[in-house]
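Before I ask anything, here is the structure I am working with.
Think of it as A, B and C in the order they're written, each chain with its own count starting at 1.
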Amino acid sequence: MTLSETQSPLLRICALTKRFGGFTALHSVSVDIRPGERFGLIGPNGSGKTTLINCISGAFRTEPGTILFRDEDITRLQPHMRTRRGIARSFQIPRPFRSMTVAENLMVALDFAAGEHVSMTQRRDTMMSILDQMGLGSKVNASTTRLSQVELRKMELARAMATRPKLLISDEAMAGLSSSEVDEVLDLLLSLASRDITIIMIEHIMQAVMRFSERVMCLDAGRIIAIGTPSEVMADKRVQEAYLGT
Amino acid sequence: MKRDGIAFWTGAVVFLAAVLVMTQVVGNQYPFFAGYVILQSIALAVAWSILGGYAGYVNFGTSAFYGVGVYASVFLVSAFGAPLPVQILTGAAIGAVMGLALGLLTLRMQGIFFSIATIALTIVIETTVTNWRYVGGAAGIQIQRPAVTPPFDSYVQMLFFVQAVLVVLAVAISRYIHNSWIGRGLQALRDDELAAECTGVPTLRLKLLACVISGALMCAVGAPAAMYLQYADPGSAFNLNYSVTTLAMSLIGGTAHWAGPIIGAILLGTTQQVLTVTISSEVNLLVLGLMLVLFVVGAPEGIVGLIYKLRGNQKEGEI
Amino acid sequence: MFSLDLLLDAVVIGVLLGCFYGAVSLGLSVSFGLLDVPHVAHPAFLVLASYAVYFLNENYAVDPLVAGLLITPIFLLLGLAVYRLYYETFEKRGSDASVRGIAFFFGIAFIIEVVIILQFGVDQRSVTATYIGKAWRLGDIRIPYRLLVAFAVATALTMLLTLYLSRTFMGRAIRAVAQDQEALRLMGANPIKVKQWAFGIATAVLGIAGALLIIVAPVDPTLDRAYIGRTFCIVVMAGLGSLGGTLVAAIILGVAESIVLTLFGASWAPAISFAMLLGILAVRPQGLFGRRS
């Protein structure tokens, strides 16, 4: 990699604002995410974390503000176009394709997002290797309605991975899991990050955020109140206030 | 999968051959009159399920497409004396355009809004045709059948064969969609539209495609009906009963597999014919409504779903 | 062909008609607007109520409005039962339920139509009462008493229901359930019970609405199809769940229908509400004033 490539951000968010009627969920948020970075996004409930994710993935249209992904303006692109360019996400409340098996869930991603014309066997191999990596190999033909909570979380990450993302956004993938399961998912995310995938992780479980992130950003009421290394952000007075409430 | 394809096409050829032989051998006209209606039901149910089943957009507008198909033929015949193939092809083309228009207008709507919009479209088109003098207005219009084309002896026999061809066409298209990436994309967006988008599925484009194909087929199916009845009036051509029966047949058969609507249509279509002849057409409609509600409540995946369940609780991955 | 008098006449009739349309849409405004139930069978229940009123009027010479009141408790029970069934089979199951929920109500509507046909035949039916058939002259305008009665009852009904929803505990709970089900649960109320009751009320109101329907004009078994357009057009135009808006929207529709009827003739009338509905939905897929963003 040349120097200029490493310096240009993977994702650049410029002065992003999102309003719902009279309510402003995001106030002019600007942030750069570097390629390969492990980025933690925290903030109290209703602070705008998921709204920001929805804006990045294209579920919401934004009025003022631009989003650049690999130097391309994607602000007006539909979600599926963003996925094809390399932005994948999981959902806070898992949203599997319920009428399908785990394998079929991943096939959707491979059919539509993986791009190149690859043969059925190749796709099947890709799918199996992703599932094995996620520890879901044995569930390949299981219906998604029969998965446990942690398996659903993993399935969502696997489906996201099948789109071959450059940026993976994990929206509270550990919510509601036991502490050993949290570690399991955390290890998964770390192993993905070690393969050059940039990851934005939204999380309420602080230990997980601290262990995972190289950089943390804290939102409160739609504004960035702190950004920096995990310890810097944790030490910030405003972050503590936002979490403890005033 | 390949063996599957050979079996399917063999079946289709055998079916058409059987139909052809039947038209040459059977002298009594009644089986063709009744059979035509059943074939028409199958074709409509299969066409409906492409949008209503695979994509999960409950279309109440079957009668709109069907009626437009009927009146496209009425117009073509009265204006140019157009032959049957032209009527059907024109019907399909108009249906495709109509599907595209309906799609652009309504597919951003969710659930019930889409369904209501399709009823609205039906009534608006029906009212327009009612006020269109050239095709007979509210009173309807008589249509003369031209001479029958050999090898057929009677026009109804020919229509029976033509409708059988349309059935094969509809099933082949529906089966192709079901087994391809299109089907997978539609199924994904039916389960969860946002998740589908975020997995790379171009939901709007796929829905439009489904709407166009479904619409073209339903219009094409309606086109020969003008010749079958030798008469058309807006009240019957656009009757919402077509929407209800089609929807009922698809859902009762089950939309998880392309064969579901066929099973549903054959079963209900035959029952309807029997009930209409033996008791009355009202009782037949009552049975249809009751079965729809019963299935939707008790066996939401339809007959196909019941079969899957019997076969051992889950369908194997077919990939 | 066109004169100011004629237009004035059309507007006055339209306003009266509109209030009547409002009354028949009230239930839907609650069941669909507030509760999100895809209640396509609402107009079928309405026509069913009309036939019940017809039955009482024809056989026991009960005044249509009294008959409407008499059947209200039965419709309340019917509503409670239907919601229970809908909840158990569809809402509880989640995701795919909406598709089947719509089909379910469509099927119910169809069954009601056919049952009415089997029982009463396809012919139009009407009721008799002293105020039906006479008209009141106001200058050059001739207003049928039946419309005036419908107007008065409709307005009263709307006001009563609005008061109920804003002043009583249950009414407030119903409105709360539309906003935030969880909050209601935290307050110790069972949202399902509240919704069931709301659906019951919405159906009960149809007793009176059905009486108005057959007072205003004769009914036939498939009349519900036309009213799918009218009621949904009104509820969507009003903004889901707003009763005041329902009345305004209904008057807009009533006047529009009445004017088109005067200018272009009756054959275009059925399409008005549906065309307006299509227009509104095309511009605002979530309805004119979507409740949520």
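To be clear about the criterion, a contact is a pair of C-beta atoms (placed from the backbone, for glycine too) under 8 Å apart; a residue touches a chain by one contact, two chains touch by 3 or more.
Predicted model, so just to flag it, every value in this text is computed and none were measured.
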Central chain (by mean CA position): B
Longest centre-to-centre distance from chain B, chain (CA-based): A
Looking only at C-beta pair counts, which chain-chain interface has the most contacts? B-C
Chain centre separation (chain A, chain B; CA means) in Å: 42
Nearest whole angstrom, what separates the Cα centre of chain B from the Cα centre of chain C? 32
Could you please state the distance in Å, as a whole number, between where the Cα atoms of chain A are centred and where those of chain C are centred? 46
Multi-partner residues in chain C (2 or more other chains touched) are 95-96
When you check chain B against every other chain, which residues touch at least two of them? 190-192
Would you give the residues of chain A that are in contact with at least 2 other chains, written as numbers and ranges? 98-99
What residues of chain A sit close enough to touch chain B in their complex? 57-59, 78-81, 83-84, 88-89, 91, 95-101, 103-104, 107-109, 111-114, 120, 124, 140-143, 159-160, 163
Within the complex, chain C is touched by chain B residues 56, 58, 60, 105-106, 108-113, 115-117, 119-121, 123-124, 126-128, 130-131, 138, 190-192, 240, 244, 247-248, 251, 282-283, 285-286, 288-290, 292-293, 296-297, 300
For the complex, which residues does chain B have touching chain A? 181, 184-185, 187-188, 190-192, 194-204, 256, 314-317, 319
Within the complex, chain B is touched by chain C residues 32, 38, 40, 85, 89, 93, 95-96, 98-100, 102-104, 106-108, 110-111, 114-115, 117-118, 225-226, 228-229, 232, 236, 267-268, 270-271, 274-275, 277-278, 281-282, 285-287
